[in-house]
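The letters A, B, C, D and E name the chains in turn, as written, and every chain counts its residues from 1.
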Amino acid sequence: MTGGSDAPTLVVENLRTHFFTRAGVVKAVDDVSFTVTKGRILGLVGESGSGKSITGFSIIGLVDPPGRVVEGRILFQGRDLASLAENEARKLRGSRIAMIFQDPMMTLNPVLRIDTQMIEAVQAHEPVDRETARQRARDALGKVGIPSPDERLKAYPHQFSGGMRQRVAIATALLHRPELIICDEPTTALDVTIQGQILYEMQKLCRDSGTALIWITHDLSVIAGLADEVCVMYAGRIVEAGTVDEVLDRPLHPYTLGLIGSVPSRNVRGRPLAQIPGMTPSLLSLPPGCAFRTRCERADAACMEAPAITLPLANRPIRCVHPNLAASS
Amino acid sequence: MPVYFIRRMMQSVLVLFVMSLLVFVGVFAIGNPIDILISPEADQHEIERATRALGLDKPLWEQYGLFVVNALKGDLGRSFVFNIPAIDLILQRMPATMELAITATFMGVLLGIPLGMWAGLRPESFSGKLIMSGSILGFSLPTFWVGLMLIMIFAVFLGWLPSTGRGQTREFLGVHLSILTWDGLRHLAMPAFNLALFKLSLVIRLARAGTREAILQDYVKFARAKGVSSRRIIGVHVFKNIMIPIVTVLGLELGSTIAFAVVTETVFAWPGMGKLIIDSINLLDRPVIVAYLMVIVFMFIFINLVVDLLYSVLDPRVRISESKG
Amino acid sequence: MTAPDTALEPALAAKPQTPFQRFLADFFDSKIATAGLVVLAIILFVAIFAPWISPQNPYDLSKLDIMDGRLEPGTKSMDGKPFLLGTDDQGRDMLSAIFYGLRTSLAVGVTASFCAMILGMTMGLTAAYFGGLVETIIMRIVDIQLSFPSILIALILLAVLGQGVDKIIIALIAVQWAYYARTTRGTALVERRKEYIEAAQCLALGDRRVVFRHLFPNCLPPIIVVNTVLIANAIALEATLSFLGLGLPITEPSLGLLIANGFTYLLSGKYWISFFPGVALLFTIVSINLVGDQLRDVLNPRLQK
Amino acid sequence: AAAEITIGLGADVTSMDPHYHTLSPNNNIATHVFGTLIDQDEMQKLKPGLAESWRIIDDSTWEFKLRRGVKFHDGSDFTADDVVATLARVPAVPNSPAAFTIYTKSIAGVSVVDPHTMIVKTAGPYPLLPTDLSNIFIISQKQAKAATEDFNAGKAMNGTGPFKFASWARGDRINLVRNDGYWGPKPAWDKVTFKLITNDPSRVAALLAGDLNAIEIVPTADMAKLKTNKDINIFRVVSNRIIFFHLDTDRDVSPFVTDKQGKPLDRNPLKDLRVRKALSKALNRPGIVDRVMEGEAIPAGQLLPDGFYGTSPNLKPEAYDVEGARKLLAEAGYPQGFAITIHGPNNRYVNDEKIVQAAAQMFARIGVDAKVETMPSNVFFTRANKLEFSFMLVGWGSGTGEVSSPLRSLLATFDAARGMGTANRGRYSNKQMDALLDQALATVDDAKREKLLQQASEVAINNLGIIPLHYQVNSWATRKGVMYVPRTDENTLALEFKPRS
Amino acid sequence: MNPPVPMLELRQVSKRFVKRLDTAAKLGNFFGAGMREEVVHAVDKVSLAINPGEVVGLVGESGCGKSTLGRIVAGIHQANEGERLWHGRVIADMPAAEARATELKIQMIFQDPFASLNPRMRVADIIGEAPVVHGMVKLDEFDDYLDQTMRRVGLDPGFKRRYPHQFSGGQRARIGIARALAVKPEFLVCDEAVAALDVSIQAQVLNLFMKLRADLSLTYLFISHDLGVVEHLSDRVVIMYLGRVVEIAPADDLFRGPNHPYAQALLAEVPRLETRRRRFEPVKGEIPSPLDPPTGCHFHPRCPHATERCKREAPVLREIAPQRWSACHLNDAT
């Protein structure tokens, strides 16, 4: 390994991605900053619509119109991706930065054979012949634990189960040994036993090759078992960040607190869950001030101002004027 | 595969039975062919002789029974008007119609797919909207009217293309094709375009809808995330996906293209079998009508077979062989 | 908790109330579709009120005079009234003929499609809900019907039936019902598998109620779309059949028949006899198709955003 | 360079067999390839063909002198044996829907005197024998046993006509080449192509586009425009086809004649001569000719245009007279008129459908409410033959070029066995007319016969057994530089097209 | 002492989905095309008893037949074999009216908050239709009844004139619950009733379920693939694998020590908030296709303890301890 082990692979600073729809501007990602370090896993949690996926797409440069990155820097090993020309960005995509999507049934083109889809990924970045490319694809399949990869290469996606497809997608992402992989809920659609297999592969990968990982999910429990750091998103913003242990054991933001309380677990068996009242607001008509204000029991007049990021504890950035400093677990 | 065949055959036999019965009863109900064919000066004796000669003196059910028996032996009867086996008559005319229909289909595909994909990729652009408006026009314009307009413009005013007829043909594998000669091609251009217009609109819409749907799919996004160039994404990922509905629909449409050739053939005096069927209905030439329907049905079976084969080539999810246990 | 939560009130209140309002809002989103609808409305108005707004009754032979035949647009007749769009060979005022022709074309198209819709929908729903042998028989008939080009079926039927408005309507119904049956069955099968049908069954609501109150209304949108397309098709098909000489009686011409009639005069420069009806037909079909297109987009749940 | 001509035909040719189906387009082609004993000139006057001369020996015996030195296309000589073989083949063609036997049925026997002389015996006095024989195409005795297929394939297309058969693409075109050994005038064209373009505007367009040198059956709609076109020549002549109304003068209650409310009448007004007269007067024939037919017709006052054999100089077209018509109706007891449905075909005669409508307009002016019902000819003729109609538009072309043909078929009292009134769909019956006609048909002397025919015509027409409307005009259009001699019999003969010198 | 009569009981219930061959295929087979009917044994000889007031959780991986079993319980699907009993009486043998009344007592709550509500009906009709049709409320009491039902599930009665699309996912789930409650059921089948909801909303609905249970003394069959949810709610848990029940146990016992190897694997894989940065140890193999299930014990290809016998012989469900049932050959050895 070269450089310091804590050399940041990716630094996102003040990222804003907005959708300019007819109904108004949707601030899907609004002032998001975080850092991902080599060999470590950053968990990005939040409820549906909180902007997790769009954050991922913004990094890899796949935000579709009417969406657009309006502000912020995405420094990938020092280069700002936000200001890259499309052709330059394309060269990075798939080779240095890879992404895996949620639904394994949809990420592979149903009418193309696996080898076609993997070989094109190889050839998109390296001028190698088909045979070499196929060799690479086969090795990658083997690496993610697909038995008899030679035969499987000739198959079509529908001949695979969901878990296998997701592994094909992972293998495809691995073809060029990327430095950063963005995983957008890759296990949500899978059964627990299969999810376990995928988590195992990804963990191994991170450990062995030092790839940095952004793991997007709405499932705190998965984050708990997998990630090193975690960012909690709410309505397009990161409301709390820190290491997994710190955030889960000492949540500072009321939202994080509520989220943790909502997860049924051994501790609260049979008792009512600590629920957050109300529902996630529409990003089109966010209330002024703190977006969580209307659901928060601590809310008061001070929350009418949009809270800035503060650091009430060391290395614990949070976006709240009433952090839950007293709480500990 | 064999099961598929059997299914189709069963269906077709039923179609044939119903249609032939309909034609027999129909022609019987419309009128007496003798009344039209016979010379007006003929006397009773001559009328009776002609009726006997065409087998129309027997009761209807007997005529039909005789037809079925003969049809099973492969004899579909002789044309009342032309006095040659009806099937020969149709087979003689078929190449002209097939040539027209297939050329039209190709025109529709070759022009329609790029236009439709373009419109699908830029749904909001002016060109995209123009293409779509054009396709609605293509849907809406009556074929016969367009045909005459084409003749007016390209043959009469501009004089670029011959107005009507089939032009010079060349024999290829026993059939006469005009597509093999320059003169023939020039004759083919207008009627084929006329017939293609509807297909063209259809293909444009299918291609556009397919493209719009495909580019929203995760697999396209994933391909982009792999760093694949957009040329390849559109040319391979999107293209292969939109081909599935296009091939299916066009295949099924080829039948109606052949049928709708009736109109084009009438306008352009194209000596195909569509014109033949109209004339045969006018002259109550029953054997030809029945034989025509038979030929159409068999053509349908064949076309459907080809479509299904193509379909399974294009869409691996529905390989026919897969239904096998 | 169990207290009604009102936090979402403002966000949702902005949305229009009924599905119908929502539908209207979506529909008028597209300018070209709105234009299509306006044109269609005008056409419908003209068609419905033709007897009152036409300068002449072109179907009444005693009102025509062949001495007025083939006059150019704008010329005056023998008794002084102007023919805005000229006359045809029978001395029919083209404007009136187009108004009445529209009326006939639309009446034929709408009636035929409507009857076909009723027939096809009943068949399709029956097939989808009962399944089994009933379904097999109905769908086989539909398959057979659909595997045969519509124009051929119409040609043969019309040859058998003869001419007349009623005959052509019958022929068009025979040609079209299968499309409705297939569409209805297709949607009904999809809808039937949805959980709200199971919920209704679970509430022991009874078959009839489930079919007509729950299943049927949800099968309507695609049928409405098919209906617009098929009305346009019916009008075009009628025009084509009239062109081929099978179809309507010459004394009560539809647009198609007017075009066919004027077709013979195209080369001789008397363009107006077929050109104006052609334009009217074009506008009719295009506007119906535009409306249908937009309906398809608006009613298609997959494109709904 | 070889002289070539391409001619657009308006009706499909169904067979090459000259004895299979007596259908104008077929006969037209046969006329090019085969010869007939007797030819018809452009006005349908008989003139020597393969027979140089003929004479009557007695009432039922005719002698024909055949032309010498005539050769078939295959080089063999034409002799009386070929005629015998032809006459033998005519009734022997299988499956014919309309056989040529109608032209040979009067022949009782044929004997060959020498290779160029023959005697024909008829069953009784039969003056029309030469006319009938002008419709029989002579084939070589070598082809006596040839099947229809052999002709269609061209194998048996061996005639004595001015052109040799080259090829036939069914429904598309027929190619002929010049017969250099033709006995008659030398054709101007080395190659003749007939293109079959049955669609009217397409045919005209093809001519305008220069793809064709000539077309037949110029659509009336395009006539005016074509006449002003400097590149186009038009050739017209009155035809032997009359367009007329047949009307039910037989039944006491006729199905489609009612009072104005649609209730049946107790008697059939059409049986009343005054009513028929009124209807005839109500028709503005010049108006129809001018407006509907674009001038391509001639108002008719009898069964064939003036000058044809057997026409009466006394018969003139009925004058348009609304007042007179109304008076006659009132006299007949219908001052308010009545209602009637006019039936007609819509694809058989030039502008048939439009004529019916125009007539309905005109009847309305005298208080007769006329509904119009037109239908494809296949339906029309079947129903008409079943006597389903009361008042119908029909046409009649006299292939023989003389008045006996329409008199016998249209106006003679219906008698299936004798072949009289076969097309008498109004079942008109007049003893006086029948007697005159019978007499004429048995009179071999041409002058005497003509007199009788004129009398018969006068009786039938004055009695309005049919209501004549107009004679059609046959027309041809050519590109500049090609001339044609127009023919009353509607034939389009390549021989008669000449380059302008 | 007689065991208490269960409220609802299934005895040896099976459900097969068969894709039949059409005439053509049969004809084809006659000529040796070798077409087979496709049979899915969605539920295979399942027996189950649920006592009044109990919450039984039903877990298993996708396609294992949970929903099918739930639908059989709710009377939407008819089982091919086996009996369904209500308080000890076979429902199929009841007189029609009584059978209907019984069916109404068993209601179902569905997974998809979008597809389970008729988009063309107002909330008032969705909830109120069945009680009116079945004559459970008089017309003049209808409004009150409706308001009361809506309030009970936490919906503002002011929304009753609205259509489903005007509600959020959580609210729709509540409408679905209100619809079921409106016919005064005693037994609720909840098929993945919270799976489609966000965690915070899911917590609200779970709380609602628990409150309703207490208020109305309801009995639940709670179907879920989320073991956390099942653990939170259930008294007893039933674990299914490929159409068969592999283990039935009180929730506490099960989560303390699962008996069946599949249950063990499943529990081991559940991610938990408490376990941080653990090393995942995956179960090997894929879930087999229900069209072509393995012989013997369905789990044997993935089971670390599989023996020859497991391949041949399907283990039966046996009571291995009081209240604990398991279907595994390993239990025979001990």
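Note that a residue touches a chain if its C-beta (ideal position, glycine included) is under 8 Å from a C-beta of that chain, and two chains touch if they have at least 3 such contacts.
If you're wondering where the values come from, they're calculated on a predicted model, not measured in any experiment.
> Between subunit A and subunit D, how many steps is the shortest route if every step has to go to a touching chain?
The distance in steps between these two chains is 2.
> Looking only at C-beta pairs that count as contacts, which pair of chains has more of them, C-E or B-D?
Of the two interfaces, C-E and B-D, more C-beta pairs touch across B-D.
> If you average the CA atoms of subunit B and of subunit E, how many Å lie between those two points?
53
> Just give me the whole-number Å value for how far the CA centre of subunit D lies from that of subunit E.
87
> Based only on mean CA positions, could you tell me how far subunit A sits from subunit E in angstrom?
33
> How many Å are there between the centre of subunit C and the centre of subunit D, using C-alpha atoms for each centre?
Chain centres of subunit C and subunit D, defined by C-alpha means, are spaced 46 Å apart.
> At least two other chains touched by the same residue of subunit E: list those residues.
Residues 22, 168, 204, 207, 211.
> Would you pick out the residues of subunit C that each touch at least 2 other chains?
Within subunit C, residues 1, 5, 8, 159, 162, 263, 266-267 contact more than one other chain.
> Hey, what residues on subunit D touch two or more of the other chains?
201, 205, 208, 347, 376, 378-379
> Touching subunit B in the complex: which residues of subunit A?
Counting only subunit A, the residues touching subunit B are 60, 62, 90-95, 98-99, 101, 103, 106-113, 116-117, 120-121, 124-125, 156, 158, 169, 172.
> In the complex formed with subunit C, which residues of subunit E make contact?
Contact set of subunit E toward subunit C: 22, 71, 74-76, 100, 103-104, 107-108, 110-112, 115-121, 129-130, 133-134, 150-158, 161-163, 165-168, 171, 176, 179, 183, 204, 207-208, 211.
> Would you tell me which residues of subunit A are touching subunit E in their complex?
47-48, 161, 163-164, 191-197, 199-200, 203, 218-222, 224-228, 244-245, 248, 258-270, 272-277, 279-280
> In the complex formed with subunit A, which residues of subunit E make contact?
Its residues touching subunit A are 61-62, 168, 170, 198-204, 206-207, 210-211, 225, 227-229, 231-233, 255, 265-266, 268-283, 286-287.
> Using the touch definition up top, name the residues of subunit C that touch subunit B in the complex.
It is residues 32, 140, 143-144, 147-152, 155-157, 159-160, 162, 232, 236, 239-240, 243-244, 256, 259-260, 263, 266-267, 274, 278, 281-282, 285-286, 289-290, 293, 302 of subunit C that touch subunit B.
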